[in-house]
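The same chain A turns up in both complexes below, where it pairs with chain B and then with chain C.
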Partner chain A sequence: MSLLLEARFLNKRFSNVDALDNVSLTVNRREILAIVGESGSGKSTLLATLAGLSPADSGHVLYRDAEGPHDIAAMDEMRLRRLQRTRWGYIHQNARAALRLDVTAGGNIGERLMMNGARDYGEIRETAARWLDEVEIGRERIDDLPMHFSGGMLQRLQIAATLVTNPELIFMDEPTTGLDVSVQARILDLIRTLVHRLHVAAIIVTHDLGVARLLADRTVVMQGGAIVEQGLTDQVLDDPHHPYTQLLVSSVLPS
Partner chain B sequence: MTSHQNGWAIDASGLHKRFVLHLQGGLALDVLRGASLRVRPGECVALVGPSGAGKSSLMRALYGNYRVDSGAVRIRHDGAMVDIATASPGAILDVRQRSLGYVSQFLRAIPRLSALDVVAGSAVARGMNLEKARRHAAAMLERLRIPSALHALPPVTFSGGEQQRVNLARSFICDWPTLLLDEPTASLDPVSRDCVCTLIAEACARGSAIVAIVHDHALRARIADRTVLLERGATIEESQP
Partner chain C sequence: MIAYNFAYLDEQTKRGIRRALLKAVAIPGWQVPFASREMPLPYGWGTGGIQVTAAIIGQDDRLKVIDQGADDTTNAVAIASFFRRMTGVETTTRTAEATIIQTRHRIPEQALTEDQVIVYQVPQPEPLWKLIPERPVARRAHALNDYGMMYVKLYEDITRFGRVSSAYDHPVMVNGRVLMSPSPIPAFDNPKMDAMPALQLFGAGRERRLYAVPPYTPVRSLDFTDHPFHPGRADGTCAFCGSTSSYLDEIIIDDHGTRRFLCSDTDYCAGRIEEAERRAEEGGR
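After this line comes the complex of A and B, so read on.
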């Protein structure tokens, strides 16, 4: 297990609320980490900070590659952008906002390939077609506009458009929230299968403990901008120590 | 003590575990009070004791699912002993991946995955290629009397007994150096129960250390080399089955 991303003592305030309160964590290669907590606990702020989309007031996010650790706040903007679109991926809760609805499904996938230097039209189209099969949209929809897709299909298209460049780390912000329960199961299963097969590390923000249970090796629990408990997912969910974690676990309806 | 050929597979001692229920005004429950357990490779130990004595808690502590307050849970892994109570999360996952299996009472359903792939998946996770793992999975499911017509279906739709057999197949498809079984035959018919007894005996013959929670006296006599009694969170007596 080698270290991929590390956060050290992140702090951030919005007006007079602690959005991040001295948060430190690590993510190893090939590991899936869940960040759980209810709305307002700071988990989405943490994800955006880890992904370099929103700077912290203090503290560091260190990304490690073959050359060693890089403080992402100290990277020049070009370099951070290149990292974000080549080695990293970000899957938003709202696929509609993340995709280009007036560009074909194949175009949405191909665009990210082209940003990474792909130029051969035939190859790009074939890769896009393969990924449409992979996420169970089907290659026959390659020239369709996503504006006509269902919510579940849009989310699957976003997953394809993110994983197509074979990133080593993906950030996921409530990827199944707002979708029908039947669609959620399909997408979670898809994420689980692809993440394991591609050996990608993932940080997934969710308020749904079932999602953490299904996907994550480790789980951190956030309340009021601070991490109140962390451990292996089954430890945190079956043997919660902190009062807030006990409240979250006891609030889940039995399935 | 270090481990060698004749060492322990499990060497757990002085285990204490207290649950503090913050939502119940800080109510404290001492579920383990000095429990200890040692098991050799090739040995099957049955845990017995009244309901609430701490049998499942001890098993979960051995697996690292419950975090003990004190004591050591040393599990043989790659020829050395790893203390689950103090190991890093990554080290615990590595032990669980290759050395320590656990069959809970209920199958945790994975949406959409077929019974065949649920079972094959555990062999794939330990390095077998998918095709071979599927063949082994099919054979193991047949052995546990899950007819091939059901192999392609997700186990979510199965009966309780069928789900338990899928759960068992998922563990017995691998050769675990140490295997923990929480009431492995609770909802099984007599024929399936016989089959599980045979699987346990075969695993022990291959050198697996097995700990099983088994209530049925006759069954215990069939599978266990030794019985350990728990009462109020402590191991108080060891005897022949």
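After this line comes the complex of A and C, so read on.
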């Protein structure tokens, strides 16, 4: 397994709170990493920092491609943007905020292609149609506006619009929170299928240990901006060592 | 009687505008901020164009002002008379005789030359304004050559209407780098901007922006490879001069909806009528 993304000693303070406290982690190619912890533990800050959306006060995020490691803080903005739009993807909790609701489903999926230089209408449309089938919305909805879509469909559309460029790494911030439970299960199933088939690495922020259990190869547990425990998901969840992890695991309602 | 400086604006203001214009010429299509002044006409009536013209006009220039292609509309007549009073320069309606042409919404039918400058009045200089509401974000997109979202709009047009729907103000890529609004000229006029021998200057008074396209600069209208740009034109013939190739205005002439097409470029139309009369006379002799 080769290293894809590496964080070294990230620190970030918001006024008097340590949002990130000496955080180091690695993500390998094709690996799914879950970041779990309670609200305010620094999960989302960590994800935004890893994705190059907000800089850390100190520490480095290194992204490795064929040319070797790149410190994303040192990358010029044009290059970072291109990376974020082609090789990376970001799936937001709130699909409404991430999508253009007044642009057709096809246009939303096509946007990333067009941003990357696609200039053939027919091809863009065919790719969009294929992805609508892929995420089980169905190609017949290609000219419908997302404002008429249900929450689950919006999240599917966001997934299609992100995966359309075949990224190698996607960041997901609570991708199923806010959806009802039956829809959650189907979206998780979809993510798991696609991620495995496309060999994409993923970092998933979640407060739902079930999501980590279902999707993640490895899990890190955060508390107060620091990583308190990390390891293989089954190991962390079945045999938690840190008292906070034990508390998290024991507070899951038995299903 | 108050004595005004030549061309109304004071010399320092004109120098400021010229400096901005030099920068605009140096980066084709790039929007350069300038200290737009209050002018003796309301915003939206050509305050940007009028300031650019005032900054570049000299004693031996000859000015032509058109509005929607016509020399005889209120706005065009008012601006032309303003410059006659403020500079004493000659004005003309003949495209070929003018050294500066200030225009709103059209490029003359007759091809412009290296000896001419065309000044466009621009209401909205930012081509991305409907897609990116925040100006600083739009400026970043320009800086980073990040124009993919403009194609989203074209995609939507083709999806909904079967073709690109912007009949005017169709965005162009200048010199292969900067996305630019051609001002609200019809798409029909877009191809005239490409490699035009004349210097093209654009002034947006309310938005306080200038931009420019130097002579012989490539200007390409955005399109898809399988849906090429199509300069639209009403399928008709000018009722006055019989032109089948000029840009036409549609005019309803009675209460029963009877319509006629006329050239929007009045000088072009008048020139063709004169030419036809001259030929008829020669033929009759």
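By our rule, the second predicted complex is superposed on the first by the 255 of 255 C-alpha atoms of A that agree within 3 Å, B and C clash if a C-alpha of one lies under 4 Å from a C-alpha of the other, contacts with A are read in each partner's own complex, and residues count from 1 in each chain.
Note that a contact is a pair of C-beta atoms (placed from the backbone, for glycine too) under 8 Å apart; a residue touches a chain by one contact, two chains touch by 3 or more.
Computed from a predicted model, the values in this text were never measured in an experiment.
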{"item": "Touched partner set for A:Glu67, first chain B, second chain C, both or neither", "value": "neither"}
{"item": "Partner chain(s) touched by A:Asp189 [first = chain B, second = chain C, both, neither]", "value": "first"}
{"item": "Contacts of A:Gln235 with chain B and chain C, given as first, second, both or neither", "value": "first"}
{"item": "Touched partner set for A:Leu214, first chain B, second chain C, both or neither", "value": "first"}
{"item": "Which superposed partner A:Gln246 touches (first chain B, second chain C, both, neither)", "value": "first"}
{"item": "Touching partner for A:Asp120 - first (chain B), second (chain C), both, neither", "value": "second"}
{"item": "Those residues of chain A which chain B touches in one complex and chain C touches in the other", "value": "none"}
{"item": "Chain A partner contacts - residues on chain B that touch it in the complex", "value": "19-23, 60, 64-67, 89-90, 92-93, 108, 110-113"}
{"item": "Of all residues in chain C, those that touch chain A in their complex", "value": "144-146, 148-149, 151-152, 155-156, 158-160, 224-227"}
{"item": "Residue ranges of chain A touching chain C (in the complex, touch as defined)", "value": "77-78, 81, 100, 103-104, 106-107, 110-112, 114-117, 119-125, 143"}
{"item": "Residue numbers on chain A that touch chain B, as the complex places them", "value": "1, 28, 31, 185-186, 188-189, 192, 213-214, 217-218, 231-232, 234-235, 238-239, 241-243, 246-247, 250"}
